[in-house]
Amino acid sequence: MRRVYFDHSATTPVRPDVADEMCAFLKENFGNPTSLHYFGRQARKEVEAAREKVAAAIGATPNEIVFTSGGTESDNMAIHGVAMINKNKGNHIITSAVEHHAVINTVKALGKEGFTVTILPVDKYGMVSVDDVAAAITDKTILITIMHANNEVGTIMPIKEIGSLARSKGITMHTDAVQSFGKIPFSVEELGVDLLTISGHKIYGPKGVGALYIRKGTRWKQSLFHGGAQERLRRAGTENVPGIVGLGKAAELAIRDLQSEAEHLKALRDRLIHEVTTKIDYVKLTGHPTMRLPNHASFTFEFIEGESMLLSLDLKGVAASSGSACTSGSLEPSHVLLAMGIPHEIAHGSIRITLGRDNTMEDIDYFLEIMPPIVNRLRAMSPLDQE
Amino acid sequence: MRRVYFDHSATTPVRPDVADEMCAFLKENFGNPTSLHYFGRQARKEVEAAREKVAAAIGATPNEIVFTSGGTESDNMAIHGVAMINKNKGNHIITSAVEHHAVINTVKALGKEGFTVTILPVDKYGMVSVDDVAAAITDKTILITIMHANNEVGTIMPIKEIGSLARSKGITMHTDAVQSFGKIPFSVEELGVDLLTISGHKIYGPKGVGALYIRKGTRWKQSLFHGGAQERLRRAGTENVPGIVGLGKAAELAIRDLQSEAEHLKALRDRLIHEVTTKIDYVKLTGHPTMRLPNHASFTFEFIEGESMLLSLDLKGVAASSGSACTSGSLEPSHVLLAMGIPHEIAHGSIRITLGRDNTMEDIDYFLEIMPPIVNRLRAMSPLDQE
Amino acid sequence: MYTEKVMDHFENPRNVGEIENPDGVGQVGNPTCGDIMKIYLKVKDNVIEDVKFKTFGCGAAIATSSMVTEMVKGKSLDEALKISNKMVAEALGGLPPKKMHCSNLAADALQAAIQDYMDKQEKK
């Protein structure tokens, strides 16, 4: 069967160049980078080379990069570490209603430990307003954490403006750039953020590895793992060397190819969005029409439910998702869509198509061929479809 | 130059079978196990197969295994999770003075958050006494965490006895089995523990992946990472699928080969210990003479310092370590050796030779050939050597 | 995640649609929860002669609706009333734990339809 992968926001295939480098590594260079001997030094060299690549990719210096086990750990580490070191200074944290669970659940947990939390609303496009951020700031605010691009609806947030606002008030700013990194160009300088999260497996790199950028001078402390002195005391535990090497390589390639990939992806995405919204009735694009990730198309289909669409697509070999991969095991409709004001019953009919570097116009054609009959079939079964 | 790797307690090379399986995986099977579609299901299947292998290797059921980013995370997660859920029941934690930093620093951090900590002493062999554990228990004791085998001196602790003591008192028991797993046979039933830590890279598996065994019914809660609903809500973050697959395979092979490996390793170790302690003066074996890991030989050499020995060995192609790899970046002598009553100046002269499956009797011969001149040369330089 | 039987009923649902002038109709769930099931019955001599369904919901919801209609067709009302959510799930070779509530819906919709039929009979 033809297999089409349209779920690149959930995870991406490892690029062949990255996989090759990691495999060579797995087989040959196995030292513990903490060890003083030859094997340790060989591993250390590669870890530091990867750190330089990741730093270069976001315009940071290598010392500002800490390797972690993924985006979730980076988000937790960023938020918890800023909260813990500043708790005598203030206890107010600002975030948005459409963050990934790794951010929103971490902030909510702090809310139970004496922190005050403001969860900003978003507009119908899933966008946070800079004015809302400004209005929420108090003299107790110690952290603003707002994602760079949303995973479910692809909306790109005004982080540059929020970053300079935070800076002007002396408030630490974190952004989760897991979805934007490698897809839209940015540097930490340009965004004006103090901490920034990335994850390997969203940029054609390995799973189980990520990084946290911590700007030099940022008030932050290690507060998640206790243990060895790795990562200059910022992250305990033997480094995932092959994973780190893979992340470095993937970051380097992502930035090298960013421009050409983005054009390719936009062409596919725009055709997909245009055709789906004109050829199928009762369909709406979710997220911002223009301020969105180049590879991201997400919709709601009225009268039918997301999972049954996914299963039908899967039977035809197409892999897509409904809401974020992390929540698709649950019965709740996506918190992102609800925050955007989409009614429950419509939010249940959401679907997300996220494109990647190997997708072709033929993949889009195939989708456009199989999707209308699926929608018709499910709508015919639905007690909601009134026609 | 001849290269001999004698630092298997720091990390091990990935077994070719494991590396091959991981590489195939990295290149072909990339889905996110949370995804409902074909790609996700393929990944899920492999994660669950690995879980069965790990469970079988320690005599657990698959639901009792949670995958993590390594030994450090497993230790933190175990201890913090038991402390957090029991904090209304009691606040006393018992550990030993020779634990890995991942345990000792986690327990100490809890000591600053209102928990009372008893750090048990050890005898001159690095062994905790069961009587000391019994005497330390109070009606506020909620957790005993004592390692199965020590990483620096190889001593195997009486976990079975401590485990049944804990059970008879209704106290939760955790053991860090990072060093013992795959080297000495055990099952969680036999040890009678409620939580047990293992790490991939110590058993010829990948770095950046580990597991925590949590016995069914154990009072424990997720308290480290907030985020998605992975690992049945016990560990948030996209699973490191190739790493998990590698861990599963490595665990399976470690248990399959345990007996024959152990014989091979003991033969090498015993010759090494015998020759070093008889051919070189002012040398002592550290750790227990018989209750020790089959691959572990550790010594103190009087009048000279560990790092200079390591560097000299390294110049001859031999990779060894001094104290644990995690602390070898620091200037402090090993807390383990100090706890065993070894004086500071002697503790500084420690060296650890940890053997592995690829080592041969020729490697031992080579070491025995180069080590005496190294010791002589350094001692000749030392103002401490009184002869 | 789903058994072959579930996927078969999802892909080729039996008895989809509506019955004109049904003898009983049952609807459960609401769109807010993401599930609505509607079951139509044609009853003759206390036997379910025909049954059809319409469902808004996930794969399990569609499969359980289809299964329950297949299970009751030709059965007496007494027999049909005995059908529980567990029986529906079992007939499908099992459901993932999180999806058990979908089978509840199917059994509930059936019971509601039978109840509706009986209420109408009483009024006659």
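Letters A, B and C mark the chains in the order given here, with residues in each chain numbered from 1 onward.
Keep in mind that, in the parts below, a contact is a pair of C-beta atoms (placed from the backbone, for glycine too) under 8 Å apart; a residue touches a chain by one contact, two chains touch by 3 or more.
These numbers were taken from a predicted model, which means no experiment stands behind them.
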Centroid comparison with chain C (C-alpha atoms), farthest chain: B
Ranking chains by how close their C-alpha centroid sits to the total C-alpha centroid puts first chain A
Any idea how many Å lie between the Cα centroids of chain B and chain C? 56
Nearest whole angstrom, what separates the Cα centre of chain A from the Cα centre of chain C? 40
Find the geometric centre of each of chain A and chain B from their Cα atoms only, then give the gap between the two centres in Å, rounded to an integer. 34
Can you list the chain B residues in contact with two or more other chains? 36
Give the list of chain B residues in touch with chain A in this complex. 3, 5, 7, 10-14, 16, 19, 22-23, 26-27, 30-32, 34-40, 69-73, 75-76, 100-102, 105-106, 108-109, 199, 201, 206-209, 224-230, 236-243, 307, 310-311, 313-314, 317-321, 324-330
Using the touch definition up top, name the residues of chain A that touch chain C in the complex. 303-308, 311, 315, 329-331, 333, 344-345, 348, 380-384
Which of the residues in chain C come into contact with chain A in the complex? 2, 7, 10-11, 13, 16, 27, 31-38, 54-59, 61-62, 98, 101
